[in-house]
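In the two complexes below, chain A is the common chain; its partner is chain B in one and chain C in the other.
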Partner chain A sequence: MEIMDEVIGKVTVLKMRGRLNSVSAVSLKDRVNDYAKNGQIHLVIDMADIDFVDSSGLGSLVACLRSVRKLGGDVRIAGLQDRVRAVFELISLHRIFEIFDDARNAVVSFQYPEKDAGK
Partner chain B sequence: MRILVVDDDMEMRLLIRSILTAKGYEVLTASDGIEALAVLEKEKIQLVISDWLMPRMDGLELCKRIRAASFPWYVYVIILTAKDTKGELVAAMESGADDYIAKPFDKDELIVRIHAGERVLNLEKTLEDRNERLSKALSTIRKDLEAAAHLQKDLLPRPGRVSSGFSFDGIFLPCSFVAGDTYNYIKLDRDHVCFFLLDVSGHGVQAAMLSFTLTKILSSLTIPAGDGQGGGVDRRQFSSPVKTVHELNLRFQTDDETIQYFTMIFGIMDTRDGRMTMVQAGQPSPIHMRKGEEPVLLGSGGFPVGLNPNATYEELEIYLKPGERLILYSDGITECTNQDGQEFSTERLVDLLQKWEGLSLRSAMEKLEKSLLEWRGSDEFEDDISLLAIERSRYNGDYG
Partner chain C sequence: MNAVSVELTIRFLQNLSYLHLVTGASRLLCETIKELNLSSSLADEVELAVSEACTNAIRHGADVAESAMVIVSFHMSETQLVIEVSDQGAGFNFEEVPQPAFDQHPEGGYGLYIIQKIMDEVQYKRGSKMNTLTMKKNLRIKG
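Presenting the complex of A and B:
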């Protein structure tokens, strides 16, 4: 899977497209590990163009979250499509991740933590 | 190495033979294509040096016949001829020759061309050996997987009735030999039966290993007496569903690298009154099929097991009344896509279950399995498919 990224200040936004499954899960984990090594630990995963996530994909998101939080950073999720949001809620991931309507609000939440915009 | 020399000119045959024999090759000869084919049929020969122009069957026709014959080994063919134009070279190669030497030929060139041929044949042999090793390995793996799949199916309960008028049935279709899904029901004591359906993240062997382990652990919650039906034990101590799932969650916390977890429904049923307490750990909502009323999707989710050490769980409670059914299923069913990429969906599952409410549990399961296969258009699924159905008999009371 192609993962695009954009650095906005201290925040790195990752954008993916299509299906987050066992294959793309590996690319995502590798990519996030690279960021972490590089000191990029404030991550936003923009999932607006992800229309399917399977159990391995969900596992990879949690793996990313764990590795980045250990370093004092965070992974925030943005732009969930309805059916993906339903899966997130089914397995209570909305209680582990901070989830935002869109990537912009997620980026702002890192820059102005007190505002908690658009959650 | 053995070489077949084909030439209608006896002097030429003898000349080439003496050159090659001096170099340590074993040489057979034929005077035309037809003779050559007869030799090739009988002997394992991998290198042929053939003249082009010969009576009965010429060198090009021989080449074509050799290629068409599909010998179990590769036959390397060098065409030897007085013709020496580009057009001839193309014709020889087109007919399946590997190399081409113009007459009159140089002895050293002949030897060098044979060496080149030997290199190709050696490569071919190496490839063939590797292929053979690979296909042996593949067949071993396949046999192992088939055996594992068999073992896994054996772990599943057979459709049947536990005492007190409760019947169980299921659907199980692994997507690759073995599954990360499994389900079971176990009689705990005279009045209690536990049941579960679980789905390990991912699928294939890795998921199946955890699924095997979990089946073993969950099945030993109680030691069934004799026939596996819990026999004559009146009372037994066992943990509540919340406590069981909580303990599993602590015990099976994933490491950060592999992130392996599972979703499950784990429940205990009191067969005296149909009271069911269940924990929904990230599994799709069970369907409660009620008599004469709309089916209900129970619960709204919950943490999977193994993903979050601080997860807490809640219990759902329902009463299964006589004639009602409870359906547990993996997302492999609802997310099963047809050829247009459309999902089977929870709505379709509920509709079909409702449509077949009047049928026996077995017939309903058979029809559902059939409609899943039809929906998919093949028996190759992208995710494991499992479903556990529990039915309380229409007639209240103990008749099992």
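Presenting the complex of A and C:
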């Protein structure tokens, strides 16, 4: 899995590509821990190019969410393909993440919290 | 429709680096048996179940020798896909695996739940040398 990032104001967007599973989960957690140490705790994970997830991969997202929420931040999810969204829903993780249609709307939700368009 | 009978067995060391090989094989199997005209969602479900089962087999067998193997066998007919995932770990009590605590959103413990949700039949046999999780999927023929 590849992870590219872009900083937009206080928000860091992680653009992921490939498969999020037990193999790639560790690299995601390490990356988010590095961001947190650096004070980057407002994260958007753009999953538009993630075409496979399993529960280990989604478990790593939960770990990331918990670590940044402890610091007052949040992880917001964007761009889920249908098959990926189905796994989120299967294990009820759509209930703890804010999920947006695309990364732009997720970034806006941090900048203008009163807006919730594109969820 | 021509008769379909495919058997495929993959043996690999208990290492997560082989996970993509075996999940990819499951997908290829579902997509290439043209006679069955299987839906892409079925291939998605099978790939997910194989990923969950193999991740469990690799992780929970990690306390045995480094040379321990995982064996995944696919048996496909016109009506059913049977997948057996065998490992040499200590095994577990299938009947006592708890449901995930969904209200607490744990980071793990979803694998067996997912498998049971998306496959039509799941059995587990704990053996003295190998443990085998058997997953069956009835094949729905498109249109």
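In this section, the second predicted complex is superposed on the first by the 119 of 119 C-alpha atoms of A that agree within 3 Å, B and C clash if a C-alpha of one lies under 4 Å from a C-alpha of the other, contacts with A are read in each partner's own complex, and residues count from 1 in each chain.
Here is the rule we use: contacts are C-beta pairs under 8 Å (C-beta built on N, C-alpha and C of every residue); 3 or more make two chains touch, one makes a residue touch a chain.
Just so you know, these numbers come straight off a predicted model, no measurement behind them.
Following the overlay on chain A, a clash is recorded for the pair chain B and chain C. By the touch criterion stated above, A:S56 is placed in contact with chain B and with chain C alike.
Once the two complexes are overlaid on the shared chain, A:S67 sits against chain B while remaining clear of chain C. Taking chain B and chain C in turn and counting the residues of chain A each one touches, the greater count comes from C. Of the two partner chains placed by superposition, only chain B is touched by A:E89; chain C is not.
Using the contact criterion defined above for the overlaid structures, shared-chain residue A:V23 touches chain C, although it does not reach chain B.
When both complexes are aligned on chain A, the segment of chain B among 37-45, 91-99 or 379-387 whose C-alpha atoms clash with chain C is 379-387.
Applying the stated touch rule to the two superposed structures, the overlap between the chain B and chain C interfaces on chain A comprises residues 22, 54-56, 58-60, 62-63, 66, 90-92, 95-96. Within the complex, the chain A residues that touch chain B are 22, 54-56, 58-60, 62-63, 66-67, 89-92, 95-96. Within the complex, the chain C residues that touch chain A are 16-17, 19-20, 23, 41, 44, 47-48, 51-52, 55, 58-59, 100, 102, 105-108, 110-111, 113-114, 117-118. Chain contact summary for the complex, chain B toward chain A: residues 199, 201-202, 254, 256-257, 259-261, 263, 282-284, 300-304, 307-308, 311, 383.
By the touch criterion given at the top, residues 19, 21-23, 52, 54-56, 58-60, 62-63, 66, 83, 86-87, 90-93, 95-96 of chain A touch chain C in their complex.
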